[in-house]
Amino acid sequence: MALSLSPAKPSVDSTDAPAEAVGFSVSLRNFNGPFDLLLSLITKHELDITEISLSQVTDEFISYLRTLDSAEELDQATEFLVVAATLLDLKVVGLLPQGELVDAEDVALLEARDLLFARLLQYRAFKEASAWFATGLDAEASRQFRSVPLEEKYRRQTPELVWTLTPEDFAAIAMLAFTPRELPSVGLDHLHAPLVSIREQAAFVVAMLRSGEPMTFRQLIAGADRKGVIVARFLAVLELYRGALIGFDQLEPLGELTIRWTAESFSDDSLANLGADYGN
Amino acid sequence: MATEATEAATEAATEDATPTRIPVDVERGLEAILMIADEPQSVVRLATALERTVAEVRTALERLVADYDGVAGTVRRGFELREVGGGWRFYVRGEFDSVVHDFSLAQSPTRLTQAALETLAVIAYKQPISRGAIASIRAVNVDSVVRTLLGRGLVTEAFSDPETGAIHYATTDLLLTQLGINSLDELPHISPLLADGSNGFDDAR
Amino acid sequence: MATEATEAATEAATEDATPTRIPVDVERGLEAILMIADEPQSVVRLATALERTVAEVRTALERLVADYDGVAGTVRRGFELREVGGGWRFYVRGEFDSVVHDFSLAQSPTRLTQAALETLAVIAYKQPISRGAIASIRAVNVDSVVRTLLGRGLVTEAFSDPETGAIHYATTDLLLTQLGINSLDELPHISPLLADGSNGFDDAR
């Protein structure tokens, strides 16, 4: 079952390997979503996804963070955090080593891991296919084809245009053409059911921290009874950090996360935009 | 030499022997039409215009390609005839691209980003597909990338799901043209193992 | 034989002596350029592009004309090369006029499609505007539609952006005539709400 799917160890020289693969920054600048990130990490470490060590990845990321100085890089890093957290949230259970296969729950976890693995392979296939598209598009872009105006004598023979529009009709068509064509937004809802509003959770976090006392993340989620709430609260923390409203300390990788209020000015308006990326 | 001359004579005689036939040689008619057409012409359309069968037109096109390519002792022309995106049109022969560069008004479009290429690949292999489904394969929001692809004319809205209202996207003939292929069948096969993680691997190309 | 070989060698040497010169046969290079040039090309311009003398190009053009006309045992093509108004261009050979005429009639429907009308409206209210800008308003590729409008004489190329080279399009007097108005100022105002929000509504008429 599960592990029968794991023969394909992505090789380092595969086309998706970042060309200038030096350090974490490369994965950061090139990553294209959580799968992309995971893929480049796997490629870099020649790891089977089922064996990937999250703590190693985290260590590396944290040491990378320490080297950051500019605000722009920090911004990038925060984006990375959001994405990475989403991924972890998505399948953290599936990725973590589960030990002995003893009960039905473990089997379910393994299946979840299997699913993630399959999805990652699928992503990788499309990524590789995209290289073929790039080659084809590039090759064809330089080709020149004949596309010249019709010779005058044939143009003169073209049948008269039947035109029945009044200026008002024409204006109506213009209105239609200028009406923005809504692309309804797709958030990350598909990754986790949008049952919990990040904005609400952010409001909660703000209320907890604003008094001034730093709190650990553990304290912040005390009493949260649903996984979704915990995830949303964590994402809210990331969003608040991105908005430079809070700071946090973590003494060691995977250690206790202490969060403190750092915003100098804050209005409830600032809350309105939080979580906008998530569609709620 | 003598044989060739005789053959030519015989051919000419055959032509003369069929006086009722519209005196337009298919190949010459194709040359005339393709010279004024401003987009690729399907074999069917060409056959209609020339009042010939599709098979006749197809054969004639093959002979023209060979003629311009200079494979049978003819001159290898500075142009060629290519079937791309399901239609035929005149192209400058690849090796002359640099010569004609200054004369070309076509601006080569800016290159697609990696994200756009990957999204395009997903749509190409999984069409018709909704943005939600693409996003779930790519694990990122794809709205702006899809908008770019729409603007480039590489994908189009195929239909809206009557229940969810979700728009499903498909690739266009322009994509085929820009890839230099004639049909989606020419896309490279992706390993069946890698096709679809969610529901088995049945529908992989 | 020996002489021929020597001559070939000499030619090769000459070629080598001018390494920057593109080793393109003049006739083939002319075929390539004329295939995509969208207006008649003067001999001087052709000579410049091919880095040959005007005399060489003139001779090559004459040989090509003879080649396509089939005067020297070659195939008499469906197209011909003619010098008109001081420039050279491919034309459909006269005897194929009827075929091409039927074809071009079939290609030009008498009514504009909804897509063409919407694009025309965008150009009318936002002119001068590039194809890219139209595409981003319409969220589809508009290349072929713009070509149709150009072909119909409803829009024209106003200018090329000196930096990007992007051609900007404007409507013509023919559109005014069709609409029965005298100037663009007579176009009905459209709701500012629906105009492009990015740069105000100054230019929405």
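Letters A, B and C mark the chains in the order given here, with residues in each chain numbered from 1 onward.
Please note the rule applied: a contact is a pair of C-beta atoms (placed from the backbone, for glycine too) under 8 Å apart; a residue touches a chain by one contact, two chains touch by 3 or more.
Remember, predicted model here, so these are calculated numbers, not experimental data.
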item	value
Per-chain CA centroid nearest to the all-protein CA mean	B
Per Cα centroids, the chain farthest from chain C	A
Interchain centroid distance [CA atoms averaged], chain A/chain B, Å	35
Whole-Å separation of chain centres (CA-atom averages), chain B against chain C	21
Centre-to-centre distance between chain C and chain A (centres being mean Cα positions), rounded to whole Å	44
Chain A: positions in contact with at least two other chains	144-151, 154
Chain B, residues touching no fewer than two other chains	35-36, 38-39, 79, 90-92, 100, 104, 147
Of all residues in chain C, those that touch chain B in their complex	22, 24-25, 27-33, 35-38, 41, 49-50, 67, 75-79, 90-93, 96, 99-100, 102-104, 106-107, 132, 135-136, 139-144, 147, 151, 165-167
Residues of chain B that touch chain A when the two form their complex	34-36, 38-39, 79, 82, 84, 89-92, 94, 97, 100-101, 104, 106, 108-109, 111-112, 114-115, 117-118, 120-122, 124-125, 131-132, 135-143, 146-147, 165, 177-181, 187-188, 190-191, 193-198
Of chain A, residues touching chain B in the complex	5, 8, 30, 32-35, 83, 87, 90, 115, 117-134, 136-151, 154, 183-188, 190-191, 277
Partner chain C, residues of chain A touching it in the complex	144-151, 153-155, 157-163, 165-168, 170-171, 173-179, 181
